[in-house]
Amino acid sequence: MTKPQHPALAAFVTALAGRNMTRAAYVAVALGMSATVLLTMDPAYEAGRRWIIALLWGCLVFFVVEWAVRVQQAARAYRAAAYLMSGRGLLDTLSVLAVPVALASGMEVRTAWLLAVIWVLKVIPGVPGLRQLRRVLVVEARPLLSVLVLFLLVLLLGSVAEYALEHDEQPATFGTIPSALWWAVATLTTTGYGDVVPITPLGRVVAATVMISGLGVFGLWTGILPTAFAAETRRDNFLKTWESVSRVPFFASLGPSTIADVAQMLRTIDLPPRATVIRKGEPGGCMYFIASGEVEVDLPGKKVRLGEGAFFGEMALLGNNLRSADISTTGLSKLLVLDLVDFRVLMARHPDLAQSIDAEAKRRTMENRT
Amino acid sequence: MTKPQHPALAAFVTALAGRNMTRAAYVAVALGMSATVLLTMDPAYEAGRRWIIALLWGCLVFFVVEWAVRVQQAARAYRAAAYLMSGRGLLDTLSVLAVPVALASGMEVRTAWLLAVIWVLKVIPGVPGLRQLRRVLVVEARPLLSVLVLFLLVLLLGSVAEYALEHDEQPATFGTIPSALWWAVATLTTTGYGDVVPITPLGRVVAATVMISGLGVFGLWTGILPTAFAAETRRDNFLKTWESVSRVPFFASLGPSTIADVAQMLRTIDLPPRATVIRKGEPGGCMYFIASGEVEVDLPGKKVRLGEGAFFGEMALLGNNLRSADISTTGLSKLLVLDLVDFRVLMARHPDLAQSIDAEAKRRTMENRT
Amino acid sequence: MTKPQHPALAAFVTALAGRNMTRAAYVAVALGMSATVLLTMDPAYEAGRRWIIALLWGCLVFFVVEWAVRVQQAARAYRAAAYLMSGRGLLDTLSVLAVPVALASGMEVRTAWLLAVIWVLKVIPGVPGLRQLRRVLVVEARPLLSVLVLFLLVLLLGSVAEYALEHDEQPATFGTIPSALWWAVATLTTTGYGDVVPITPLGRVVAATVMISGLGVFGLWTGILPTAFAAETRRDNFLKTWESVSRVPFFASLGPSTIADVAQMLRTIDLPPRATVIRKGEPGGCMYFIASGEVEVDLPGKKVRLGEGAFFGEMALLGNNLRSADISTTGLSKLLVLDLVDFRVLMARHPDLAQSIDAEAKRRTMENRT
Amino acid sequence: MTKPQHPALAAFVTALAGRNMTRAAYVAVALGMSATVLLTMDPAYEAGRRWIIALLWGCLVFFVVEWAVRVQQAARAYRAAAYLMSGRGLLDTLSVLAVPVALASGMEVRTAWLLAVIWVLKVIPGVPGLRQLRRVLVVEARPLLSVLVLFLLVLLLGSVAEYALEHDEQPATFGTIPSALWWAVATLTTTGYGDVVPITPLGRVVAATVMISGLGVFGLWTGILPTAFAAETRRDNFLKTWESVSRVPFFASLGPSTIADVAQMLRTIDLPPRATVIRKGEPGGCMYFIASGEVEVDLPGKKVRLGEGAFFGEMALLGNNLRSADISTTGLSKLLVLDLVDFRVLMARHPDLAQSIDAEAKRRTMENRT
């Protein structure tokens, strides 16, 4: 766990460990997975054995470098051990070691490289919504576990009952409880391969009960989640808007209680440069506040730019419902969206806000006419 | 991109491009699809080859005319290029070109006409709720994508595991990873064809895990959507009621804050002429405000008409819960519905509203008696 | 359409048409269905041909009488035509006519009696929650229809694609588009019989897309419903509690706005005689108000009865959380349930209510001690 | 039903009946289930017949002792009869009697021991979330039953229709209505074994209708549950937080109405000793109140302990969003979690609360600096 010795190396490490490396890792994962798939297809393997193996070694080398860079980077913050012990660190280490160890222990080449499939787990930290999913599962762990227990109870009782009813008739398929469990899991999940099917009348009654229980249990599972998702969505949204709201001068005049309300009404959207936000002539259902970035209003004969803290799109909400100009971003921008419903509620509760928006809208209409 | 030269042509174009053309297009799509289906059924094709091909050419000609009309129409608004580049324009062009190009390039007649199936996509813009679905998918894109990633991870890991476990036993079905992926997708979606089934004990344990993961992942997918649908429904409803509320004088006396509240409580319904809104003697759970159109109250001995801005149905909510007269529309009408729950809440919050409704109800009862 | 001539007949008709006839109809439906099933099972039919046919004729005669009684009854209210034209009247008529007409037209006996299966539709009006389901479907008709359209589009596009890709390889199963549609519907609903399965690589890719679309479309379908169900449940609950709340003197002191709030917090439960409402020693999570009926409190050494308008169960909410006595109903009772959460919220908002409940609880504790 | 005679026995009974016995029972259930499974696998049975049977007898003896202990314990509270009549008592008695009675009545040994599968039901009372599931099912019983009725109607109508359409073509599989019902239940639940498949065109159209109805009915089922789950989750959460809130002095200054609000915003979490609550440098999205137990704050150079009633984690919410110290529990602790959204709303509504939290945060910052 030594501090990097050379500044040049440190700079290289920093550059590698940034956004570019993450992208390169995705490419390496995709290439590695494709190569693994080709490895199992005999014609492809015969034809391009060398290239496939070379590609896999290339990916492996990349992951070794990535691992080394991450360890170095962590070591700079005196946290190499913490990284190596973290879930991500363990995965990185495993990705690097699995195939070489398998090859070294004498495993057949094509079988050993199958272990490269664990590289695919490296995409997990980059999936934005997975943290939200995990929180939902944690918050609802108790009822979800109960559903799982119900599922397992039905599984066990169903398979023992079918074993008792069918094993004399069909010793090949219902001859043991594990065989019956295989039938039960395919039935309870409504997969229904049809390789194992009860044929006695009573066995079919039990099977029908298992199928209907399968739907019931699954219905419970899906019924539990929406509430938690609603709470998480509200929470995520608030965390994103809260920071931005304070940057919009328009809301500064509001008391803290109203700001908390407003933050729950708003939604943030991130837009790339030159994205069209509003198209002239379309019906308008929301207005926008600029949290960061800049937009360009395409008025007849001139272009007006609006920067951080400005708002636009309010005229369609106040007037005839149609957008009066094209508006697009000039650079990477974060906008706060206020839907018509919430706009009306907000204006109704705060007549002073309503007046200042009205005044601005009138000023703009005047300006455009002249 | 020329402006249409002749006023007569312009009028014809306008007429064609309206509601009638949309209906004709639906008929053409339905006929075209039926003909395409018949094309593949040998007995039908033998019997009516000429008619089927003629019908398909007829539909194609219709779509060519439709395309020309739309381009003309767009050109009049100097927007022909925008139309041709829009999703709809591309689809229209593709619908027109696909079959002729296929025929011209020497494809077999019956195969070429199969491309007519893309005509069916022309019904999409006419489906009223699709915009709402799309908004829901956009708002929840992030968690939905996470679920998709989870799905793909389970798919890949499951199929590699099954390949490793089963390819020696069943080289025909689990011989390559793509074959195993075919099994995995049929299993994870709980389709379960049963053409490829693991037979080793460990392979079945992996398969059971994949099936249960399938249910879990799908439960997450369905759990994400309700919140967004709730928000969209509220939004859609508000957009529809807000305009109408302002047209009802009864609500004019309310402050803007209350109007915003009321607009969220109301629901709009559009009724054709001579539709029965209220049936005498039925229990009443809501009252109605007329946003546009007219209704006729069938009182004993006389018929009373109520026009835009009037309300009715309040007597059952105030009194004995049973409707006291038949009421039906005289023409196309838009009504605002206020449910009993919200009626009570509204009356409780606004005693003056309660009084004026009460007074009107009493007046009506008196009138009916005399 | 004549008025019944004899008072005795009228009384008989009234008695028949009441609750008893409904129950008898359920029994007749159950018997008729069982007989229909037995009819198709050769051993049972051989053994008890006479009895089965006799039973079916018996049920038919019952339905004829039921039909006559209902017509008579409707005729007394001068509404016979309305009844015959209503959904229920048409079903009743069809139930009576279907089998005789089939027999008369020379159909084979066992086939003709299969038509008796439509009798099962007679149970529909008696299912309490179906009206709620129907309202949900009506309110959400638009997005549900969009989902159905999406479903049909995927169905059509998927089956044409599979036809094109597979009909050369598998002319027996993918030889026509209708055959491919059969595959598509079994796949898109994730039923997956496995009788028709694509075998070309590209066909399998299309099939995988169809399966995943199936899950996606179904997820949309289930995502639409919860919001509407929530609204319907709230509405139904309010309709039930609103009437009852006004009968409880305890709530009379509250203003109308609070009553509307309270009515949304309460839930009604209907209990048969001698049902135990509260069990001594159990943790208490709600209190009860008696909307109608009577309960008996089993105090040590004496039994106290509480009648309409009284409340009980508040002591566990205020004190140590455990029920202090057994309480059961003496007759058919309707109770209003107030959960602990809402109890706290209500008490916090209305200190005067809190005081009077507190005083009553203290009085009761004193009484029990002495 | 005698009172236990010896104090030593009573003490033994008490000890046995506690938490340890519950754990031992889980182990016995697991062992018994494993033995039952092995019993049906010929190689395992041949090899270890004695051990398997001995293990099963061992589990049975344990359950007999457990049963005796529970009866004794209930007898001490003069409630032995109540216990024996309760669901749990009946299950315990059945678990004890089933196998011996089966063996005594001359059933084959391996078949008789299959009855041991009912032991698995003993885990049910220990599953924490099942009460919540049951309450949801009770509250929504009416619409759920309607869905079940719809399901059964489709089942019956579908199978009679298929019988009529297919029994001439496929007498072996659609020869009787019960056979057709077997097809219908596998189709309506989307299981789709594929052992019975309609082959006539009309039969397939009916089958497609049944499949789509299956999705529709199941969608209704899952649509009903989320609302009730949301209400139950809110209720459960309130019951847990309400008690704890009163123990936090910080909330004592709030009026009862606000406390009821706050209790709905909080979530409780139970943590084992030495669990890390907050990790330095992570983004902070909530603050914590200690309802019971103690935490240790790992400040630079010293460790500070916070006990019951204290709060922490507020600094990240007020300041730069990053946690400034590691915090972990010292013993078993119950914490109340307040999410950032609710924190902002609460602070906005109660400026005095905001001030006192602010003051505490400043005091802590000062302290850390010095």
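Some observations on this one:
We just call them A, B, C and D in the order they show up, numbering each chain from 1.
Assume contacts are C-beta pairs under 8 Å (C-beta built on N, C-alpha and C of every residue); 3 or more make two chains touch, one makes a residue touch a chain.
Source: prediction; values computed, not measured.
Between subunit C and subunit D, two chains of identical sequence, the interface residue sets overlap only in part, with shared numbers making up under half of the total.
Centre-to-centre separation between subunit B and subunit D, using Cα means, comes to 38 Å. We define each chain's centre as the mean of its Cα atoms; on that basis subunit B and subunit C are separated by 27 Å. Each of residues 178, 190-194, 218, 222, 224-226, 228, 230 in subunit C touches at least two other chains. If each chain is drawn as a node and touching chains are joined, the picture has every node linked to every other. Note for the complex: subunit B touches subunit C at residues 33, 36-37, 40-42, 111, 114, 117, 120-121, 123-124, 127-130, 132-133, 136, 151, 178, 181-182, 185-186, 189-195, 218, 221-222, 224-226, 228-230, 233, 267, 285, 339-341, 344-345, 347-349, 351, 354.
The part of subunit D that touches subunit C in the complex is made up of residues 139-140, 142-147, 149-150, 153, 156-157, 160, 163-164, 167, 175-178, 187, 190-194, 197, 201, 204, 207-208, 211-212, 214-216, 218-220, 222-228, 230, 234-235, 238-239, 242, 255-261, 263-264. On the subunit B side of its complex with subunit D, the touching residues are 190-194, 222, 226.
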